[in-house]
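Every chain is named by a letter (A, B and C) in the order it is written, and numbering of its residues begins at 1.
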Amino acid sequence: MARYAWLGGLVLVIVVVVGVIVAVNSDKTKSLRIFIWEEYIDPEVFRLFEREFGVKVIEDNYGSNEDMRAKLQAGGAVYDLVVPSDYMVVLLRKEGLLLPIDLSRIPNLQYLGVRFRDPPYDPGHRYSVPYQWGITGIGYNKSQVIPPPTRWTDLFEPTRIEPYKNRISMLNDMREVIAAALVALGHSPESTDPQHLAQAQALLLQQKPFLAKYDSESFEDSLASGETVLAHGWSGEIAMAQAQNPDIAFVVPAEGTFAFVDNWAIPKGARQKELAEDFMNFVLRPEISAMIVNHARYASVNEAARAFIKPEILNGPSYAWPEDTKLWWLHDFDDAGRLYERVWLELKGR
Amino acid sequence: MAIWCLIPPAVWLGLFAFLPLGIIIVISLTERGSPLAWQFTLSTYARLADPLLLTVVERSLWMACATTALCLVIGYPLAYFIVQQRARVRTWLYFLTLLPLWANSLVLTYAWMVLLRVDGMADQGARLLGWLGTHESLNWLYTPGAVIVGMVYWYLPFMVYPIYGSLEKFDWRLFEAAQDLGATRVAAFFKVLLPLTWPGVLAGSLLVFIPAVGNFVVPQFLGGAKAALIGNVIQERFLSQPQDWPLGSALALVVMLVISLAIWAYFKFARAGDAVG
Amino acid sequence: MVRPLQMQMTHVRRGVLDGFIAPLLVLNALLAYSFLYLPIAVLVLFSFSASRYASIWGGFSLEWYAKLFHNPDIAQALLNSLLIAAATTLIATVLGTLAAVGLERVADGRRASHYDAALTLPILMPDIVQGIALLLFFVLVFNGLEYVLDWRPTLGRTTVIIAHTAFAISYVAVVVRARLSGMDKRLEEAAMDLGANEWQVFQRITLPLIWPGVLSGGLLAFTLSLDEFVITFFTSGPGATTLPIQVWSMVKRGVTPEINALSTLMLLASIALVTLSVVLQRRR
């Protein structure tokens, strides 16, 4: 027994010593705290920024807009930069969680593609600066899915999906999934008509037995490994799957699809606002934007970066799709969201 | 001295467990907004009377019961087996049972996906044994069965842990005495061993059942997010758009209530069936 | 303790099922261990896979172990996890043991059973609710402190530690109480009859007797803290990422085999620790 006590005491001492060391070892250099999606930026960019500006960059990650917002809403954590998607910028702004940006510190905004200037979700870039963007589409294994899909209905029609039963995945995202069903039925993807939604619910329930899973996080993994052959997914991830497995192809459904833009924003309580703005400007340098694209494979909002991007990416799902594709932006609802919520619960709850 | 002992934990838990619980109760009585519109309302509890939510709660309880039952059926004999070995072997076997708790549970869940998925190791094994053709699949992943497997895997060590503790303290002479009096080993188990190791069984069951009810990771990954359990619903109410913190809070309180009732019922049952005690 | 193998066989009556018991137990044990270690085998195997995705085999490679040692994020996360777990274990073990001992002393009365029930509350709360509740609680406290003292603390390792202890104390208390209930009260009573005061009795009689239970509870607290992520997610801040949080947010991009490598190393470390303690024990 005495031996145990001795061991216990030793452990205690070690813990206290380590604790003191760590507590004392707090860094005094200025640091920029970034809260961003996992693997959504090339770490080399941080190193370059640290060297040029003589500061330290601390990166924390989140897996969804909502996780990030929960942190900001409670007001506990302190970050200088976050990366909300378009609809989340609107939500955060409404809740007063963002600081207005001093655009005079971000001259590189000039490189933005026309499509991203003055976006509807944040006119005048008052609270956000676009970063990367993508579209939703259908990824598929071209050696196994014949004939290849071309429309949203190809994901829902029983005769089309029956041969691939249990090899199909849809996104685990209420808005994306219901929007896809609505468009497949010929309605607006943001319809709040209860009849349309009832039809969408029926369609989705009919599709469910053919699905392997709903997955927003590793659908590209499953597609690349051959576990699934048809995947409802985003362009950037499908581009990554393609890099792993050349049999993977991407199609933008003929009826049109949904686009999203992820943006830099400065949350309330940020301690290094000017440094954050410097970082936003730094990232918009064409070579830096291109470096990020070459690493993360998503499409950049930076037109001037095209010159530096690897050709296989420019020819891949992130960039190469028909210019005349109809693109919808999915806006956030208030009360109408409860109708969608009901459909989603019916889909998952039964 | 007892009072001195009881005060520090009481203060700590009062601050960091009960006050937060109070906040949850307050939120459940508030109107939803983004995230909250600070208005008192009882409507959230009215919204709980929803057959769909009831279905989800029922499903979660059944899953948790099945998980607990399976853990018990596998775990008790396992603990018994370990206790019968020599001292050194016993320590190692016990340690081996608890070791999986030290690997990250998310990564282990992923490992199950690798095993069970189409063309995964289970499929390949079945093909080798001739049970399947080369392009067929067991299709074990993304089914309720896979979810149960994942849950049992996650919680089995928690069942073995207290049962082993009980068995270790058990006075085996009582077992022998029962046999000397003419009971078979099976009868001796039910009349002597089980009642006296009941605290261990109870503790193990609680350590499995309670977290199993609220688990949302396993249904999402091993179940393919196709069947929502109450943990998923609560998570979505708090995090996903549109937010509904009041309903999430109310649901959580209801779950806690149901768990408490289940435990109380279990206790009563234990008393009733505990003839020897 | 009398070991079951020392049973006398003379008066044994064998029932119908008795003959099956021993082989069934062995079979169950074999199946159970295969079940427990199959995914671990997969986990270790894929730590050596050259493919980026931890579910497709890509040929043998040690690159992930190499990457692991050059990955500052994972190193920081591991350090945070260990520090938080150590601090949690310390606080929870002390407070949990106190609670258990105090309860056993008081023993009867309605107040005792209320305290008892209250002690199990944190185990009853679903972790996502505990996480959010604690987050809101901390923010309220921060707001209050800012108003009164003009100082606003932030979320970080300390808040995570507090959050973890909130449930760990209950677990430790349960374990220690189990140990206490099996202890012979007469030893304590005898000591008191001999003139020892309550504190001395605790130090010299009670504590040594329940020490295995305390250690066991402590180990449980440590293990639970190490793998905890839901509550940790809500109560952590910049630079306080723990290993489970790191893994959870990596899920968005597919878990790379680096985590497999890390898990393999952690398993090896715990095996080494146990071997060490067994060896130390034998050296008495």
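Everything that follows uses one rule, which is that a contact is a pair of C-beta atoms (placed from the backbone, for glycine too) under 8 Å apart; a residue touches a chain by one contact, two chains touch by 3 or more.
Worth saying up front: this structure is predicted, and the values here are computed from it rather than measured.
Enquirer: Quick one: which chains contact chain B and chain C both?
Expert: A
Enquirer: For this structure, which two chains share the highest number of contact pairs?
Expert: Highest contact count belongs to chains B-C.
Enquirer: Could you grab the centroid distance between chain B and chain C? Build each centroid from C-alpha atoms only and quote it in angstrom.
Expert: 15
Enquirer: How many angstrom lie between the CA centroids of chain A and chain B, rounded to a whole number?
Expert: Comparing mean C-alpha positions, chain B is 33 Å from chain A.
Enquirer: Just the number, please: Cα centre separation of chain A and chain C in whole Å.
Expert: Taking the average C-alpha coordinate of chain A and of chain C, the gap between them is 34 Å.
Enquirer: Show the residues in chain A shared as contacts by 2 or more other chains, in ascending order.
Expert: Within chain A, residues 64, 67, 70, 227 contact more than one other chain.
Enquirer: Of all residues in chain C, which are in touch with two or more distinct other chains?
Expert: As it turns out, chain C has residues touching two or more other chains at 55, 132, 136, 248, 251.
Enquirer: Could you say which residues in chain B touch two or more other chains, in rising order?
Expert: 117, 238
Enquirer: For the complex, which residues does chain C have touching chain A?
Expert: Residue list for chain C touching chain A: 51-53, 55-56, 73, 79, 83, 86-87, 90, 132, 135-136, 138-139, 142-143, 154-155, 159, 208, 211, 215, 233-239, 241, 246, 248-254, 277, 280-281, 284.
Enquirer: Mind pulling up the chain C residues that touch chain B in the complex?
Expert: 1-5, 7-8, 11-18, 21, 24-26, 28-29, 31-33, 35-40, 42-43, 46, 54-55, 95-96, 98-99, 101-103, 105-106, 115, 118-119, 121-130, 132-134, 136-137, 140, 162-163, 165-167, 169-170, 173-175, 178-179, 181-182, 198-199, 202, 216, 220, 223, 226-227, 229, 243-244, 247-248, 251, 255, 259-260, 263, 266-267, 270-271, 274, 278
Enquirer: Quick one: which bits of chain A touch chain B in the complex? Just the residue numbers, please.
Expert: 64, 66-67, 70, 73, 87, 91, 94-95, 166-167, 172, 174-175, 208, 211-215, 222, 226-227, 332-334, 337-338, 340-341, 345-346, 348-350
Enquirer: Touching chain C in the complex: which residues of chain A?
Expert: 1, 3-5, 7-8, 11-12, 15, 18-19, 22, 33, 35, 37-39, 58-64, 67, 70-71, 74-79, 217-218, 220-221, 224-225, 227, 244
Enquirer: Which residues of chain B touch chain A in the complex?
Expert: Touch list, chain B to chain A: 34-35, 52-53, 55-56, 117-119, 137, 139, 141-142, 220, 223-228, 232-233, 238-242, 244.
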